[in-house]
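The first chain written gets the first letter, and so on, giving A, B, C, D and E; residue counts start at 1 in each chain.
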Amino acid sequence: MHLWRGDKHLLRGIDLALHRGELLQVVGPNGVGKTSLLRCIAGLLPMESGEVKWSGQDIRKSRDEYTRALSYLAHTNALKNELTALENLRFSVSLLRHVTPQALVETLERLQISQCSDLPVRALSAGQKRRLAIARILLSETTLWILDEPITNLDAAGIALFEACVAQHLERGGAVLTAAHQLLLKGEPNVRTLELRP
Amino acid sequence: MWLWFHKLSSPPHAYRTAGRLRPWFFWPAILLLLIGTYGGLVLAPEDYQQKDAFRILYVHVPSASMSLMVYVALAVAAAIGLIWRMKLAHAFAAACAPVGAWFTVLTLVTGSIYGKPMWGTWWEWDPRLTSELILLFLYLGYMALRASFDDTQRADRASAILAIVGVVNVPIVKYSVVWWNSLHQGPSISKLAAPSIDPSMLWPLLVMMLGFVLYFAAVMCDRIRGEILRRERNASWLSEIAVGT
Amino acid sequence: MTAPGLLGLVRLVIARDLKLAVRHWDQVVQPLIFFVIVTTLFPLAISPALDELRKIGPGIVWVAAMLASLLALESLFRPDVEDGTMEQWTLSGQPLSIMLLAKTFTHWLLAGLPLVAISPLVGTALGLPSSVWPVLAISLALGTGSLSILGAIGAALTVAVRRGSVLLALLVLPLEMPVLIFGARAVDLAMHGESVAGPLNLLAAMLLLFVSLGPIAMAAAMRISVES
Amino acid sequence: MTAPGLLGLVRLVIARDLKLAVRHWDQVVQPLIFFVIVTTLFPLAISPALDELRKIGPGIVWVAAMLASLLALESLFRPDVEDGTMEQWTLSGQPLSIMLLAKTFTHWLLAGLPLVAISPLVGTALGLPSSVWPVLAISLALGTGSLSILGAIGAALTVAVRRGSVLLALLVLPLEMPVLIFGARAVDLAMHGESVAGPLNLLAAMLLLFVSLGPIAMAAAMRISVES
Amino acid sequence: MHLWRGDKHLLRGIDLALHRGELLQVVGPNGVGKTSLLRCIAGLLPMESGEVKWSGQDIRKSRDEYTRALSYLAHTNALKNELTALENLRFSVSLLRHVTPQALVETLERLQISQCSDLPVRALSAGQKRRLAIARILLSETTLWILDEPITNLDAAGIALFEACVAQHLERGGAVLTAAHQLLLKGEPNVRTLELRP
């Protein structure tokens, strides 16, 4: 796989495979190309050459199927400032599947932001917004999670919560790909890191 | 009105005073409006030229003068709130706006209804009518700006700036509109010039005007209490009142 | 996983946008007030005499409607793109074209329909006789629909660009000219007591065409805007 | 620490905004093109006969100029507020009113002045005789200045609000009506060969008033918009 | 000091003093009010009651003097996407004081983002943007730095660099107030933490 950004040959010769039940953390110094790699894999950034395969098929061919199996969390949170936390969550999850109000509330509770569920998102703190964005991923019930620095702005309790969520997802046969500066779930057998070098 | 207003800058005091004053405005207002309506619709003689149509004047003229007065009151309150950081003045301005807009709409509607038999058209681009329409836009702009902030304090200050800029502009607007039209065509202004009015027609008008002012005061007492409640919902004195009653 | 069906999807999008609009109900009336203000600009700039105004009245109403629709369009997709919602929609595996069409429809409900409702009032102020009100309203109803769809395509194309609003106007206004011409023509004919079937039929035909092809263009444009 | 003086500050802000504009030179021409397109809408919507057009020409040019200025205003402060730059300006210890005035001036250079330059062309298209060109240009030069300042106050007030563009129009258009009236009037008088000193003097007086008082209102409004 | 946000009595009875040469890190779980506290102190959020004093004066009285002594870094970076890194830095620093091109380039080098100095900021990675925002603070030559989660998106090398910058600023008699989830300069004598509790 090769990717150019501007005049720079950013990523070259990367070859990776991610299996169900595995967490792959892409690490590397600032600006090395982690975000670019993740966006490529999510199909949000066209590459110069190379291909991304999902269950053996090129994702450009089976685009719909792939996107239905995928959740992506970017540096930004994809939340509407005007709607409340609960409404944001309900809408973004309903796009993907049928969801009960019960499930929404439970997820908010699990991420310890149920007290803000009726506040407009503009009034949430940075960490509360991030938790809400993570709640969407949890509820999406997709197989592959692609998360760009998911624990940004989270406090220690938030990180622990998130680790538990990831571990549970892996157990259920999901796959997780993250960009990270701080490694999660250190020492578990199904956790790998990919180090990008400038 | 301002002396009356200045004494009560503490919300609890203002809340109670407004509650106490309300009946003193409300009942005389109703009484005056009834007398005025009776005087205007029944007692006043029919106009030899305008027939019965002129009777709409008894609503039109008071609401027209109120629409202007209320805007001035609003702007003064906004300036006081901005300069001396007085929350109550902001509350007053906020409470004013919908009432003023309502008077303006009433003026436009009654004027239109009046215009149909008088001029044979619902609307005419006369300076007075045009500036009244612009006044309505100013009210609507003020209310829209206020509604688009969800933090009351910021809404107060932002809309106060708008009200002040608006009041600087109102004379400019007014004179520009008069100028604009008078250069084009003179006579349309005289259509609105007050005919020397018969005393039997005049007194109900004056009664109605006073009735409108008192009615405005009564409505403001209610609205300002509502505003205070909304703003001070966390304050301890409110829970005291709630427990007390 | 039970993804919502097409109808469910449309309902979902419309419900969400209506909820956003209710949260800001004051903003719903704003295109309307803008429409009224722009129509009052003309008498001020041109001539206050109703006789003169009547002649150019249909044109003024139509230009004002076009500008009001244009101004409101600017915020059709931008908030959703900026906060990353649109990125999520393209990744949702749902047909983007349907979702965008539903969004555009809601937009028309909120920004187009009120213009139709208020058009008699504005027409009166410009001296149009009450006999042309129905034609004015029908032509606006058909026309603003087309304007919304053309505008939505433009909005999808320009949304990734900063300061897009002027660019949007630039792209969209030339495309919208036929709508303007036929719309104003219908009202003009009605004022002279002639048959208005021709322009109205054309307006309806254009609307049909745009509704069927527009969403595809919107979705394609949106995918380009989101990729970066 | 040697903070820049007032003049240095003004130069700095102008240079920065011009640089940003050059980076997007295409957007600089957009208000201009919008102006041209709107003026061409009218002949289409109304009547292509030059005689008729001439009568309403001054009004159309002026309404188009007002709308072009309005449309461009939306992006005057918004980008700077959204990315946090404006917050830094309020914390810089420099006079905010001067900085905002400088910004508004640059905006006028980019969005107002080009209209003045192109006005003879548009006037010709609407059948205005060449004798009125100077008056048209002068009235536009004075008038667009006032429009920019009034618009900037509105923009500062509405910048913290989502979907501000229609709200901005609602706040600003009523206040701008006098400028429109005198501007169109000056051109109209010139067309009939009468003296134009009256309206032009009034336009100049308004500009002076707004330049001296406007920045204070802008700065006050901006501080409110930034606090949150 | 008391502060309400919406219906919530967010902060109450906070009393803190910050001396020259001191780093105070405000810690606490997500949503406890760190950002709100910092914005209050920077004068960006009006408080219900209480006051912030700078050299013994209420900042509402000596506003200009205070803002000249203060730099504030928010959750967002205050960068213009269209301008290059160097242009962004030059402009934001020139507002405050006269600065030589030499100094600008040196600071970019110090933060190891000189290779991006001519890229438009939109093309920078998340961490590179954060470094550029920090460069502005370094060059501002103000006494008091108020930094809201400054090390968001930074890699390990970036954090070390930033710690060195803070240490140097403290040595020179500056004061630093941060909101943090990860403590910096642990164990130094002039470093304090203030823990906010919900």
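As a convention for this text, contacts are C-beta pairs under 8 Å (C-beta built on N, C-alpha and C of every residue); 3 or more make two chains touch, one makes a residue touch a chain.
These numbers come from a predicted model, not from an experiment.
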{"item": "Identity of the chain that, by mean CA position, is farthest from chain C", "value": "E"}
{"item": "Label of the chain whose CA centroid is most distant from the centroid of chain B", "value": "A"}
{"item": "Whole-Å gap separating chain B and chain C, where each centre is the average of the chain's CA atoms", "value": "35"}
{"item": "Chain centre separation in whole Å, for chain D relative to chain B (CA means)", "value": "33"}
{"item": "Two or more partner chains touched - positions in chain E", "value": "46, 81-82"}
{"item": "For chain B, residues contacting two or more additional chains", "value": "134, 137, 140, 144, 148, 177, 180"}
{"item": "Multi-chain contact residues (two or more partners), chain D", "value": "24, 79, 162, 167, 170, 173-174, 177, 181, 227-228"}
{"item": "Of chain D, residues touching chain C in the complex", "value": "24, 26-27, 30-31, 33-34, 37-38, 41-42, 44-47, 52, 55-56, 58-60, 62-63, 66-67, 71-72, 74-75, 79, 162-163, 165-167, 169-170, 173-174, 177, 180-181, 184"}
{"item": "Chain B contact footprint on chain D (complex, rising order)", "value": "153, 157-158, 160-161, 164, 167, 170-171, 173-175, 177-178, 181-182, 185, 202, 206, 213, 217, 220-221, 224-225, 227-228"}
{"item": "Chain B - residues contacting chain C, complex", "value": "121-126, 130, 133-134, 137, 140, 143-144, 147-148, 177, 180-181, 184-185"}
{"item": "In the complex with chain E, residue positions of chain D that touch it", "value": "1-4, 9, 12, 16, 19-20, 23-24, 79-80, 83-85, 87-94, 226-228"}
{"item": "Interfacial residue positions of chain A with respect to chain C in the complex", "value": "42-46, 64-65, 67-68, 70-72, 74, 76-83, 87, 91-92, 94-98, 141"}
